[in-house]
Amino acid sequence: QEKLDKTVKIGALSDQSGLYADLAGPGSTLAAQMAIEDSGLKAKGWTIDLISGDHQNKPDIGTTIARQWFDVDKVDTIVDVPNSGVALAVNNVVKEKNGVYINSGAATSDLTNAQCSPNTVHWTYDTYMLAHATGQALVKAGGDTWFFLTADYAFGAALERDTTAVVTANGGKVVGGVKHPLNTADFSSFLLQAQASKAKIIGLANAGGDTTNSIKQAAEFGIVKGGQKLAALLLFLTDVKAIGLETAQGLNFTETFYWDLNDKTRAFSKRFSERMKNSAPPTMVQAGVYAGLMHYFKALEALGGNPHDGAKVVAKMKTIPTDDPLFGKGEVEANGRVTHDAYLFEVKKPSESKGPWDFYKLVGTVPGNQAFTPLDKSTCALLKK
Amino acid sequence: MQALYAQLLVGLINGSFYALLSLGLAVIFGMLNIINFAHGALYMMGAFVAYFLLNLGGINYWWALIIAPVVVGIFGMILERTMLQWLTGLDHLYGLLLTFGIALIVQGVFQNYFGSSGLPYSIPDQLKGGVNLGFMFLPIYRGWVVVFSLVVCLATWFLIEKTQLGAYLRAATENPTLVRAFGINVPRMITLTYGLGVGLAALAGVLSAPINQVRPLMGADLIIVVFAVVVIGGMGSIMGSIITGFALGVIEGLTKYFYPEASNTVVFVLMVVVLLVKPTGLTGRAA
Amino acid sequence: MSALTDDTLPITPRAMRDEMIVFAAMALLLAIVPWTGIYPFFVMQALCFALLACAFNLLIGYGGLLSFGHAMFLGTAGYVSAHALKVWGLSPELGILVGTAAAALLGLVTGYISIKRQGIYFSMITLALSQLLYFLYLQAPFTHGEDGIQGIPQGHLLGIFDLSKPLVLYYVVLVGFLAGFLLIYRTINSPFGEVLKSIRENEPRAISLGYKTDQYKLLAFILSGTLAGFAGSLKVFVAQNASLTDVHWSMSGEIVLMTLVGGLGTIFGPVVGAFVIIAMQQYLAGFGQWVTVIQGVIFVACVLLFRRGLVGELAHLLRRSL
Amino acid sequence: MAEAKLAEKPVAAAGADVLTVKDLQAWYGESHILHGINFNVKAGEVVTLLGRNGAGKTTTLKSVMGVIGKRAGSIRFDNQEIIRATSDKIARLGIAFCPEERGIFASLDVRENLLLPPVVRPGGLPLDQIFTLFPNLKERLTSQGTKLSGGEQQMLAIARILRTGARFLMLDEPTEGLAPVIIQQIGHTIARLKSQGFTILLVEQNFRFASTVADRYYIVEHGKVIDGFANSELSANMDKLHTYLGV
Amino acid sequence: MADEFILETSGLTKEFAGFFAVRDVALKVRRGSIHALIGPNGAGKTTCFNLLTKFLKPSAGQIRYKGHDITAMPPADVARLGLVRSFQISAVFPHLTALENVRVALQRQHGSSFDFWRSKTVLDRFNPRAHELLNDVGLSEFANTPAVEMPYGRKRALEIATTLALDPEMMLLDEPMAGMGHEDIDKIAALIKRISAKYTILMVEHNLSVVANLSDIITVLTRGQVLAEGNYADLSKDERVKEAYLGAGHG
């Protein structure tokens, strides 16, 4: 019988100052803090510590921090880690050190496929889910010809590939696409090509500043007014805020969490935004950090203590169904993928918005068991026992 | 074929941003011998000032075109007086490092207060909408940008290359002590020049605010390209920067059409080719 | 480039003795790191960057050539080694060899193109070439884009040393670093180094003495690139991944920063600079959003207050060359 | 000492003191170069500073011009103390300087170089007179400044300050690198400028040339003025000169 | 095999955008002589030097050195053939000591300069020769002084020592006395006289007494063309030379 104790140390590893700082960053740390408080474990005699770090979007820095956390600071669990490259690099360290890895911020579905690990749980979203939910819904609504604006990066390619599969499977057609370099300031040239293609849907397989700039410039070139529709395959609440409703209205996209979904999400978001610097409500990544940790604590409690054995804890997490106020019911699948409902949103018109963060209209729900990669299609080695 | 015309035109429009930004950089490099890595950050500040003016003061775009360059220019002059001034006579590397540090500080502060995803700024009402040119839909705002920047570029070129002030500036770059001994208040002139270069960056920032997100990192992404434009044009050459800026826009536009993945890289191909053929850039003086 | 190296002192025999003492002290300090409780992975990483910065310094500090593209050697060697280890299944020593050789080859090609240009234009060509390489690596399938090559096996060096043991890995990296450092030191103080310095000081004069300066600059460029590549190959074992950040221009910038902060054209400066910058990245990580601001302040302070770099200022104070 | 003797024995010359330098000290960084320079220049005179290489002649001129970082003592020009003034102010008082290293600007063509120094007061030489003086310049007007031959650059350096209207000229080795014909022309020019009321402070290695134009001489050694005499006393002082300068 | 003339040019011409700085110059330098090139400012003397040492490409004409046609040869190769120049503005390696300055030149002669794996102590074998050379030009006391700290005249001397270290057959000196005080001029003049026993020297100088004392033969250049050639005594009587160069009061 190994010894269990009641101390846990959690490291929130995120991009604190770069591109992803708004949608993860300090907000993710706060979400982790709130999960610790809400778990009620302290009252039951547990000691839970939280430290945070900035990986600056560099895999090197990410792995060194992760290693140091395990070796020196005796961290048990790493959460968040946006940026696919860093996320995958940290994935290896966590496996090597037999820790627990609850990723919420990264988009790459490799985390639960080719690079899956017995120590990893992938919460919130991935490229497969985004492609499927958005692609399917739009094709069904009549958007059967597509043109892609794809960031020339691995995640952009993955998004485009997965969406294309969905579009064609549902009887739609991809009529063209351009791959643009990351951090492109001007999209007019690409938008002209999209316009010329006459596709009904222009799929934006990019992220962050590239997405917001392409949406903004699409408005300038009268794309939406001309009858074409934009589908942002990866868009966060903070991005919509940044574009402004005036320009973003009518956009379709998928998220797995929105603060204004139901009473539970509203209650949590209220508490959250009161503690945020700019009173922002949580993004889905930050919500994922909270929910992931809550589930982790459940597993620890079920184990009766912390075995400091990551694989064991993750295995336990996989046996308990997930159920939390933010994402609802779901499960941690054998490959580490967490399934939960995904929602198709449309951005409100300025006239419809009643508050500073009142942005989305819910237009459809994809049930958790359909939103993510089916297990029989997953290439994860853990599944081939 | 029609599509190609459209690409050339949007290329030209983009080129006007490059031209305006690299112009300021070239002025600063040519006159102060400083590789102003903070240029991108100051461009960003220009856009932010426009945003503040509109959202806090209700001051519109047209006033922002004047006020933002002045405000940022003054900020630049303060930087020059307090820091850059101490670099005269030192290698370029130090100026680069110092301005890089300044860029980090400015960007960091803005990121802290305004996040990284940015703020919206819309096109002024007078310039909304577009015209159908037959081969493309040209947003009026883009047309305005191209014309306005061309005018500013040529005016700056005239000021620096064709007036006595320009001769003072060029001479002061080479030997400030001697020019001062001819009776010219060189420190003040240099400060004002830096203000001018920085003001041009801020002006580009205001122009771009309605098109691009007003983001703290909007300039950081651009600085290397703009820098390359200045080098291709020939370090410090005003006309070289203007021409290269517009030309790069067009070449990039074509690349975006034929091989879009490479559109951010084509500038470097261009740079290697130009430097191999012309050792000091298109119109450059000796290194 | 004059102002850059104005403060370098001529190397006298006495300075060489000083340097050997400092070198011995440095080697000793580094050798006892694993027994001090200092986190070895941090030191390993810093050692890789220190070697990188030293290689860069060989070019700028002694050859007067400022390369803005040195990340290309780091990244190329890293990718090639990583691919060789992971996909071809080569042994560690062969992996390092292949990576370093790739960097040497790259040095030959890029050097041939770039050394023909002077001053800032030389710097710009190196920057442009490294950007082209960045594009290449972004497009090439074997690099896996921004995901990078992950989970690289560490293996047994020469079939004996188990590199997955941190202690073994540490000493292997340390030996690699010291060997690289000594080679650079020897190069600086070789007949070749003397010619290189004279070219830096006054190239037309060196030509008029009959030196074909382009050949010397090319050799220096290749040497520097090869050593930078060697650092990149070593780093693969430490980080166990190879990614685009290693070829990005900001990495090239970081190399320049390390060297400047430590002291350009000083023997030990780049080492100190690398440790300072890496430590900053690691330990400032806790400051969250203020990291960039703090870094900015440090660079500004460095230029305004310690222009010669930390080691450079110290050397100046002691009137020694370090 | 020698300086004291000097003060008691003002050399006869027309006009009042234009420039009076008393106990001038100057430093380059840490090194103390001038250790108390004393001399004066009267209106309409040509005064020449002589001395060995490194004696401090150039440094003296630069101190008057205000381009030396650290200086102390007193420099009075037109009855104003200028020891603390910045060089641009000093220039505007009507002092013009032709530096030893010529200071031709590479980024300017010959015409721009020539027109560069601003006119500080009326009465400068018009361009056509300058061109008759230095015909080479007229031919090469559109060349890049530093593409001129060594001697042409020297001509340009002198020519450009004649335009400014400054009445007090400081010329640092103006004949260096010039062909004998041109040196003679410069000699004539100086004589003519003098007759037009210019005051000139000259530094020369070429003693033979100096002797054709100077009214008075001062000998500088180790950062001090150690002797001085008028041109009329020249033959009497030849021996001294020989020991001071090796002439 | 010794030809009478070590260096010969024919039709040597350099044009800068329509301006002929040097036009159709035929110059013959006799082995072992001190040959002076004089002429008014802008006559093309420095340009001529630049052409001879390949720092500029001739627009037309031919240069023959020791029987080789060197018209198209790169500058470093010309130096390797023993034709070495000094610069009008002094050219030293400022942060190397005087000894190292000379040693760099000695090193070039003896190969091994690409050896980056050997200690530079192998260069110590050049020290005796370097000291000897420094001694020749009166710089012994400055051996360990960085060149940047040396007085101007001494830098000139150092430059000559460095040039001598190459053991050249022919030296081109451009205004070696410019900016020097009288004492230094005498020293350097004596030095040139001394070394001329071994080397051929072509020099440009405006200091007439130096030209008069040193040179065996003088070529006068004006407006890029040869005006006259001869010894000092003859030339100083030549009216054209007087008018173009020496000026009125001379003779």
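Letters are used for the chains, namely A, B, C, D and E, taken in the order the chains are written, and counting of residues starts over at 1 for each.
Heads up, the rule we're going with is that a residue touches a chain if its C-beta (ideal position, glycine included) is under 8 Å from a C-beta of that chain, and two chains touch if they have at least 3 such contacts.
From a predicted model like this one, the values you see are computed outputs, not experimental measurements.
Novice: Which chains contact both chain B and chain E?
Specialist: Common contact partners of chain B and chain E, which must touch each of the two, are C, D.
Novice: Spell out the chains that contact chain A while also contacting chain B.
Specialist: Chains in contact with chain A as well as chain B: C.
Novice: So which chain is the furthest away from chain D, centre to centre on CA atoms?
Specialist: Farthest by centroid: A.
Novice: Can you check how far apart chain B and chain C are, centre to centre, with Cα atoms defining each centre and the answer in Å?
Specialist: 32
Novice: Using Cα averages as centroids, what's the distance between chain B and chain D in whole Å?
Specialist: Inter-chain centre distance comes to 44 Å.
Novice: Rounded to a whole Å, what is the gap between the Cα centroids of chain C and chain D?
Specialist: Taking the average C-alpha coordinate of chain C and of chain D, the gap between them is 52 Å.
Novice: Name the residues of chain C that each touch 2 or more other chains.
Specialist: As it turns out, chain C has residues touching two or more other chains at 139, 289-292.
Novice: Following the definition at the start, I'd like every touching pair of chains, please.
Specialist: Applying the touch criterion to every chain pair yields A-B, A-C, B-C, B-D, C-E, D-E.
Novice: Which residues of chain B touch chain A in their complex?
Specialist: 3, 6-7, 10-11, 13-14, 17, 108, 111, 115-120, 122-123, 130, 136-137, 139, 141-142, 208, 210-213, 215, 217-218, 221-222, 253, 256-257, 260-265
Novice: Can you tell me which positions in chain A touch chain B when the two form their complex?
Specialist: Listed in rising order, the residues are 17-23, 152, 178-186, 188-190, 192-193, 195-196, 208-209, 212-213, 216-217, 220-222, 226, 236, 238-239, 241-244, 246-247, 278.
Novice: Along chain B, where are the residues that touch chain D in the complex?
Specialist: Within the complex, chain B touches chain D at residues 164, 167-168, 170-171, 173-175, 177-186, 285-286.
Novice: Applying the document's contact rule, which stretches of chain D touch chain B when the two form their complex?
Specialist: Result: residues 65-67, 86-88, 90-92, 96-97, 99, 103, 105-108, 112, 115-118, 120, 164 of chain D touch chain B.
Novice: So in the complex, the part of chain C that touches chain B is made up of which residues?
Specialist: Residues 1-4, 66, 113, 116-121, 124-125, 127-129, 131-132, 134-135, 139, 249, 253, 256-257, 260, 264, 289-293, 295-300, 302-304, 307 of chain C touch chain B in their complex.
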